[in-house]
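Note that the chains are named A, B, C and D in the order they appear, and that numbering of residues resets to 1 at the start of each chain.
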Amino acid sequence: MLDVRQDFPAIAAGAGHFLDSAASALKPRAVLEAMNQFAGTVYANVHRGAYRLSTTSTELYEKARSRAAEFIGASNPDEVVLCRGTTTGLNMVAAGWGGEHLRPGDRILLTVMEHHANIVPWQMVARRTGAVLDYVGITEDGHLDRDGFVRKLDLQPRVVAFTGMSNVLGSIPPAAALAEAARATGALVVVDGAQLVPHRPVDVQSIGADFLAFSGHKLLGPTGIGVLWGRPERLEEMEPTEGGGEMIANVELDHSTWARIPHRFEAGTPPIIEAVGLTAAFDYLDEIGMESVAAHDAELTNYALKRLSEVEQLRIQGPLTGEDRGGAISFTLGDVHPHDLATILDQRQVSVRAGHHCAKPLMRVLGMPATARASISVYTNNEDIDALISGLEEASGLFGI
Amino acid sequence: MLDVRQDFPAIAAGAGHFLDSAASALKPRAVLEAMNQFAGTVYANVHRGAYRLSTTSTELYEKARSRAAEFIGASNPDEVVLCRGTTTGLNMVAAGWGGEHLRPGDRILLTVMEHHANIVPWQMVARRTGAVLDYVGITEDGHLDRDGFVRKLDLQPRVVAFTGMSNVLGSIPPAAALAEAARATGALVVVDGAQLVPHRPVDVQSIGADFLAFSGHKLLGPTGIGVLWGRPERLEEMEPTEGGGEMIANVELDHSTWARIPHRFEAGTPPIIEAVGLTAAFDYLDEIGMESVAAHDAELTNYALKRLSEVEQLRIQGPLTGEDRGGAISFTLGDVHPHDLATILDQRQVSVRAGHHCAKPLMRVLGMPATARASISVYTNNEDIDALISGLEEASGLFGI
Amino acid sequence: MALEELYREVILDHYRNPRNRTALEEPHAAAEGVNPLCGDEVTVELTFGGDVVAGVSVRGHGCSISQSSGSMMGEAIKGLDREAISVLSRRFQESLTSEDSNSESEFGELAALQGVRRYPVRVKCALLPWTTLDEALSA
Amino acid sequence: MALEELYREVILDHYRNPRNRTALEEPHAAAEGVNPLCGDEVTVELTFGGDVVAGVSVRGHGCSISQSSGSMMGEAIKGLDREAISVLSRRFQESLTSEDSNSESEFGELAALQGVRRYPVRVKCALLPWTTLDEALSA
C-alpha cells in the first residue's frame, strides 16, 4: 500500500477521511507549489510574445502537452488537445466530429452506465444531425453486457462511445477489445477516460480508440484543464467548436482558416497556470508509478468491498469482487436515504458522495434514484475505510436497522 | 499614481519592465495565496456533495459568481455564467444565442477593430445559419466611426457586437451610447469586455448591453476562468453549447432537460480553484478602487504617449491623446520590424508584444502586418515607460535610423 | 454530535410511514418541487372547501428530512385557510433559516425538524415541501 | 549584450535591400512558409537547368532575421544542384539548432546569421526560408 498522505496538505489541514476522490481528487503539494511558483515568477501569456517571459510560459505550456502524450503513450504531442476537462473534450468530439460526419439515421452507440458527460453531448448532436442514440446494457453483476455490445455492433453504429471505468459501479470494461470490435465495423471509438486514467496505466496505442478524454482535477491536478487525445487523422476530420485567437491561420472579414492541429482546437488564452500544475501531477504519478497506483487501488478496493459486505443490510451496486473494477463503490444501507448517510458520515469526517452521480440513466436501470459512493485515491488508506464502516454502523443505529 | 509593485511576486522575481499586461496581467500575492490556500485545505468538487468540504467549496465557487455580479453592477448573481474566458463567453453567445435565433440574411454588425475572439465565432455561426457579417470602420485617429455605426444600424442588424476597448488601438468606444442606439433598432448587443473591465469601472446597468464577456487572467486573476454576464431574458433564450453533468435537470436515454440559468451553461466540473482566485482578484481591485485604477491608467497612458511621441520615426497607431483611450499603445519605429523591436527591448527586460495582436482585419485596415504594443496595469510605473523609451533609442541606433 | 436531534423518532416515523400519499382526483392547486442538487422531489396537491384546505396530497422521494417534512406539512395544513397556511409557511421557513430560532412550541410536531438548523446543507431538504406548497398556492 | 552580433550590417542590408524578389513566371518548384506564431511569411520559387538552380525568387514579409535569411539563401543556392542545396540546407539548419556551432567558414555571408543562436525564439525566423526551401524541393 502506498503511504503518501504527507504529500497532501489538505489531509494535514483536516480533510479527514476523504472518500470522494472520484468526484475530484486532493492535490499533492508538488502540484500546488508548481502552480504557485510559476504564477509568481515567469508567468505571461503564451504563443504571443517574442520576449523571454512569454517564451518560457509557452515552453511550459507545451511541456504539459508532451507530458500528457507521454503519460498515455501517444506517439506525438500534436495528438493532444489541452482543454477544460473531460466534459469539454467529449463535447468537442460530439459537436466537432459528430456535427460534421453524422447523417440522419446514423447510430451512436453508448452504454447505460455513461456519465452525463458522455450522453448529453451525443443527444445534442443527434438532435442537430438526425442521428439516433442506442445503448448497451449491463449485466446483473454490474459489468458491461459484452454480448449485447456485439449484437448492437451488428447495427453498424457510426460512433461507439463508452467509459473506461464507471464512476458509479466501478466496473472497467475491456476497452481494447471493445475498441477493436467497434473499429472493425468502421465506427469511431470514443473512450471517456475520466475515471480510468487516474487509476490505471493507460496506453492509447494498445487501447486503439480514436479519442480519449480525461480531466486534470481527478488526476491529482488542477481544475480547469483536461486532455483530449485523438488520432491525428481524426483530429483533422474534426471542426473546431470555438473560434478566436491562436486557433486561426488567417482571419479575413468574411471567413477564416484554421491553424494546424492541435492548435485549432485551443481558441483564446488557454489554462496556462493549470498546464503547469498538470505537468506536476503527471510527474507526481509517474514518480509513484501507475502500476503501483493500480496495485494500491486494487488492494484497497478489495479491503473496502470485504468490509462493506460485512455490514448488515448494505447493498453494493456493481461488481462485488476486485476484478475488472476500480475503487468507486456505490452502495445503499437498508432504507436509509444516501443523503442521510452522507450527513451522518460527515459528522465523523467521512466524506462520501450521495446522489445520482451524474448518471441518471444508470440509476434508472438500477432502480434507485440515489446511492452513496465511496471512492479512493493514492492517499486513501484502510483507516479511511474503517471510519466509513463505523459511520455506517452508527447510521444503522440511528435508523434502527 | 498607484504604488502596488510589492504586491506582485513576479516583479520581485525579475519580471522586469513587464509591458504586456493587455495579453495577460501579473497576479498579486493575494490571488496566488487564495488559490494555494484553498486548494490545500477545503478543496472538493462543487454542487455534488452533502459533506462539509464540498459545501464549503460550493459556497466559495458561488461567491465568485456573486462577486462578479457585484463587480460589474449586475443585479443578480444568476445573470453571471462562469466560463473559461472571454473567448468561450463570446462563443457561447454566438453559437448558443445566434445559433438559435439567426436566420438566413440576418445581419451581424461587428467593428473592424475586434479581436479574433469577437469575429471568428460570428463567422462560424453565420456559416451555420446563413446570417451575414457587416463591419463598422474606424476614423483616422483610431476611434470607432460613430457616423458609420449609425448608418449601419439603418440596415437593422440582428446582432451588434463590439469591443469595450481595442486591444490594439486602446480606443474606448462609447459603449452605453452604442448599446442604446443598437437596442433601439431591436438588435442584440454584445460587448467584449476583455480589455475594458480590467481598467475602468464597469456597470452593466448603465451600459445597457445584453451580454458582456471578460477574462480573469487579464484582471489580475487566474487563467482558465472568465465571466459571461447576460440579461436573464437573453440567457433564457440561449441554448447551452456544452452538455454534461450539473447543467441538466433530467437525463433520459433519448433526451434531457436543462437546469435553470446560469447552471445550464456550466457543464461538468467548473474551474473551482480559479473561482477562488477570481474572487481574490475582484477583492484586490476593489480594495484599490476601480476609479483609482482608471486614474492610474490614464495618467500613465498620457505619460507614455508623450514620451513615445518624442521618439523619432515612431508612429503610434490609435488615439494620440489620453481621452477615450486606455493603456494599450501600438506603435512602429521606422522600418524596424516589431519582432526585432521586441527582441531588442527584451534584452533590457522590457516585455512588449509584437505581431497582429489577434486582430488581423484591423491590421489590414492599418496597412501593416504587425505592430509593437506596450500595455499597462496597476503595477506599471513611469520607470517602465522610461526603460521602453531607452530601448527604443537603442533600436534606432542598431538599425541606424 | 447531535445526530439524534436530527433523526428524531417522529421524523423517521413520517419518513417510513408518510401520510397523505394518495393523489387527488381534481386538485384545485398543485405544484412539483425538485432540489436540483440532490434530486429530491415533492409533489403537493390541494383541494379547498371555500378558503379552507379540504384535501391534501404530498408525495415524493428523497431523504428522510424532505420526505418527513412533507408528510408533517400535510398534516399541519389540513383544515387551515389560505391565510393561515401562508403565515405558517412563512414562520416555519423563517424558523429554519433565521439566526435565532424561538417558538418551537407554535409548530407542534413540525418542531421536530428544528434539529436540521445545525446542518445548513440539509435545511433546504426540510424547506422543499414548503416552497413547493407556496408555489401551489400562488399559481 | 550581443545585439550588435545579431543585427550585423550585412543582415540589415539584406533586410532593406532583399535580393531576388522578382516572381518567376513558371517556377519548377515553389512553396510558401508561414510562422503561425509571429506571422512572418516567405515564398520560395525555383527554376532548374537540369539539376542546377537557374532562377530563384524569395519574397515575403517579416522581421529582419527571416527576411535577410531568405535573401541570403537565394544568393547562396544559385548555381547549386539539388544535392548540394539539400546538404547546405541541412548543415545550415544544424548550425543554428545543434549544441555546438563550428564551421562558420563554410557558409560565407550566411554565417552572419550565427548571432541568432543566442536568441532561441528568433532561430525559427532564420530557419523559415530554409524549411520553405526544403518543402519546395520535396514537393
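Following the convention adopted for this analysis, a residue touches a chain if its C-beta (ideal position, glycine included) is under 8 Å from a C-beta of that chain, and two chains touch if they have at least 3 such contacts.
Worth saying up front: this structure is predicted, and the values here are computed from it rather than measured.
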Result of counting contacting C-beta pairs for A-D and B-D, higher pair: B-D
Chain whose mean Cα position lies farthest from chain A: D
Cα-centroid distance, chain B relative to chain D, in whole angstrom: 38
Computed distance of Cα centres, chain B from chain A, in Å: 31
Centroid spacing, where centroids are CA-atom means, of chain C and chain D in whole angstrom: 80
Rounded Å distance, chain A centre to chain D centre (Cα mean): 47
Touching two or more other chains - residue numbers and ranges from chain C: 37-38, 121-122
Residues within chain A bordering two or more other chains: 48, 50, 339, 343, 354-355
Residues of chain A that touch chain B when the two form their complex: 9-10, 13-15, 18, 20, 23-24, 26-27, 29, 32, 35-36, 39-45, 48-54, 84-88, 90-91, 94-95, 112, 115-117, 119-121, 123-124, 127, 133, 135, 215, 217, 222-225, 241-248, 250-256, 267-274, 339, 342-343, 345-346, 350-355, 358, 360-361
For the chain D and chain A complex, residues of the former touching the latter: 34, 36-38, 120-122
Residues of chain C that touch chain A when the two form their complex: 1, 3-4, 6-7, 12, 15-16, 37-40, 61-65, 67, 119, 121-122, 125
Residue numbers on chain B that touch chain D, as the complex places them: 335-340, 343-344, 347, 354-356, 369-370, 394, 398-400
Residues of chain A that touch chain D when the two form their complex: 47-48, 50, 55, 249, 259-260, 263
